[in-house]
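We just call them A, B, C, D and E in the order they show up, numbering each chain from 1.
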Amino acid sequence: MTIHLLHIYDRNGNSLFAKEWSRKKSSNLTKVEEQKLLFGMIHSIKSFVTKMSPKDGKEGFISYTTSRYKIHFYESPTGLKFILLTDIFVGNIRETMKKLYSSVYVEFVVRNPLCPLNEPIRSSLFETKLETFMTGLSFFEDSN
Amino acid sequence: MTVFSIYIINKAGGLIYQYDHQKSSVEMEKTFSYPLDLKLEAYSDQVSVVFGQRDGIQVGHVVLAVNGKQTNGRKLEDGNDVIETIANEKNYPISIKFGRPKLTSNQKIMMASMFHSLYAISVQLSPVHGSSGIQKLETDTFTLHCNQTATGVKFVVIAEPRQVGIDSLLHRLYLIYSDFALKNPFYSLEMPIRTEQFDSHVLSAIESTEKTGSAA
Amino acid sequence: MQEDATNVLFELLHDELISYVYSNDIDMKSKQISILESHGFRIGQSLAEQLTKDSSRFKDELEIMKFVCRDFWSAMYQKQVDNLRTNHQGVYVLQDNCFKLLKRISSGKQYLEFAPRFLAIPCGFVRGALANLGINSIVTAEVISMPAVKFQIMIQRV
Amino acid sequence: MAVCIGVIAKENYPLYIRCAPNVENEVNFHFTVHTSLDVIEEKVASLGKSTSISTTDLREFYLGQLYPSEDYRIYGYVTNTKVKFVIVVEAANTQLRDNEVRSMFRRLHNAYTDVICNPFHVPGDKIKSKSFDSVASSMIVPERKKENPLVI
Amino acid sequence: MSKQTRAFDNKKLVGELFTLTYGALVSQLIKDYEKDEEVNKQLDKMGYNIGIRLVEDFMARSNMGKCQDFRETADVLAKMAFKMYLNITPTIANWSPANDEFSLMLDNNPLVEFVELPEDRSKLNYSNVLCGAVRGALEMLQLEVEAWFPRDSLKGDNVTELRIKFIRKLTDALPAGED
């Protein structure tokens, strides 16, 4: 299985972090445009889901799957958005996404006094820890 | 198991067919004394609960009626403003009916066109070549399944997450579409489908899916 | 085992005190460090008073040093120092390979220039605790690669 | 109950002295407290040397009765931070047991620790704390008994 | 030398370390600002900075979702957050009729464990950092609130009361040029 890329946004849609592991096709957009498009899409999906939902729900949007890839979405109660793109064989990874928030983001961004919140993450310790976390996942495969 | 609704969207993003199978409506009417302990705000032409919950009334629910008068957007049928009426102590005790907002036909058309664009964006954002758009969208309350035909028509089924047999239902819908819309000489392409025959076949396909997990 | 939540609050407060002191005008970096160090000193004094009130009397300097470098240290940071050495002439070296207040900041040289501000208060803790127990000292910290820190305590005999 | 309570800084100046109300020769008590310092120093020094004996007693903060006098019994206590506490009791007060004195010192020590931890207190300054004062006051004889005139 | 093992109550020690560090912070502010009101404002601001980070830690630990009403907010604050970080469980009291204002009664405020307020500091709200922290944390959960101390045992009141008032529910801001 493959992890393509990860995006982290703050609640206002500013991109805090993005990393690609395996990417074969570009969107033909600049990085900034692409980040905006991705966030905009997720934002629209959220609103779409709220309106379409036949019942009262809590978590809302969880994931979508196309014929070739899958987007997993987790939003912390504080509005941080974690978006992970994988291949379509990865199942429900809600708990993994939560763990990414609680044991990587909270530990190494929130608790690093030199990481301002709501600004792009520059800490290389965070990056290292993230890499360890991701490569340790059962569905991570460095297939290029 | 439940299938909630069906949407068929043409290649331009226009809604040509829509059917709500499960008419679940959550409505609660309750008499309140002053002051109201729910926070209301006017949102996109509806007055909804933004914070607070009680007796089944939840965040996201909208005001449907006040003292028996139906709401019409932000106003009551007698022309009074909903928020002002509820804020006024003189109107208490007050009876308010809350419910989950229901999509109007206009909103359904908007939702269809929104999904159409989301589908296109999901293709553009694909990290790999040759990807379709969204085929399955999962949430905690429903799952949306979409099958886009080679001609660009999207069949969308919204069902309970654990509903099985959706692929077969999607396929069946496509067959119904070609048999009872495309082959109908009075049907003009890309236009809304309005025939009873079509409706009844869709209904039986859904019912069969709910009962047996297969639309065949 | 999950870390105690109280720690988080202490760390956030500690960081807030630092960023407050650094947000204040002053051009001289040493001044800010010494302000922080003096707060650490005052806190160390109080802690020494608190922590030694239920123990028994210290016999000599070595016992005090052991108390501060071992018991006091591990109680504060929930871990033992990794290495404690002395030259028996009043110099003690405390090596912590993963210092608690640095371990979420960096592993390596990134942000190295900021390390001193996160060590000022801890240095003050040690100096303050020792001072209250009757030992005057100079405490410095050295970081080559985070999060490892070498604290050096030089006892001042008058 | 005590007739006088004193707290002495590690540098041997008084941080706090409180005598029973209606005491005539308050200055004398100050003197008594000071005199006791020498005895405390001596006791502590001797403890430090006697490495061979490591009974727990010698490790205690409570030093017991410092020296006898005709009218008073003077007790001492010294903390690890070398702050000294002195309690003066009338000799006629025979009900007071050693354990009670010990617990009085404990209470004083705890109260003193809180004083040091007060961020508004400057270490080394005289103790102005109301709560310390109320702890100390509670240990002082409310009023001198008529039948025991104070003479030093 | 005899091996002495001194078993400290670590939780208590870290609590004291926090209390003393807070004391240091207040004493620094008092040095820097003449007026108590200014100090109060600074403490609130610093509390806010702490609150916006602390709330993330809280969410990571508690695995909670967003609160749906203010009663739940009060409960989570008193029974979980205050318990978790300050080791106290304040009593919830004095609800307003519209359920949008309540008080947390702090019988035992660890911040002031050792504090005796000097007489010339009568306007100082020593624990004001808590107001800011609550405000910051709730703002991250999209609840705008006001928080203040109507009563403070440091100033001779028989109880310390932290009052929290709901102002409004915040909504997600959209990045420019979207939707």
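Convention: contacts are C-beta pairs under 8 Å (C-beta built on N, C-alpha and C of every residue); 3 or more make two chains touch, one makes a residue touch a chain.
A quick note: this is a predicted structure, and the numbers were derived from the prediction, not measured.
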Intersection of contact partners for chain B and chain D
E
Report the chain whose CA-based centre is farthest from the CA-based centre of chain B.
D
Closest chain to global C-alpha mean, per-chain Cα centroids:
E
Centroid distance [mean C-alpha coordinates] between chain D and chain A, Å:
66
Cα centroid separation between chain C and chain E, in whole Å?
27
For the pair chain A and chain C, the C-alpha centroid-to-centroid distance in angstrom is 38
Find the geometric centre of each of chain B and chain E from their Cα atoms only, then give the gap between the two centres in Å, rounded to an integer.
43
Taking each residue of chain C in turn, which ones touch at least two of the other chains?
8, 12, 19, 42, 46, 50, 55-56, 59
Give me the residues of chain A that touch two or more other chains.
40, 44, 58, 111
Of all residues in chain B, the ones touching two or more other chains
58
Which pairs of chains touch each other?
A-B, A-C, A-E, B-E, C-D, C-E, D-E
Chain E residues touching chain A - in the complex, by the definition given at the top:
52-53, 55-57, 59-61, 63-66, 140-142, 172-175, 177-179
Which residues, counting only chain E, touch chain C once they are in their complex?
1, 4, 6, 8, 10-11, 13-18, 20-25, 27-29, 32, 42, 46, 49-50, 53-54, 57, 61, 84-87, 114, 129
Residue numbers on chain A that touch chain C, as the complex places them:
107-108, 111-114, 123-125, 128
Chain C contacts chain D in the complex at 42, 45-46, 48-50, 52-53, 55-60, 132-134
Chain A contact footprint on chain C (complex, rising order):
8, 11-12, 15, 18-19, 104-108, 110-111, 114, 118
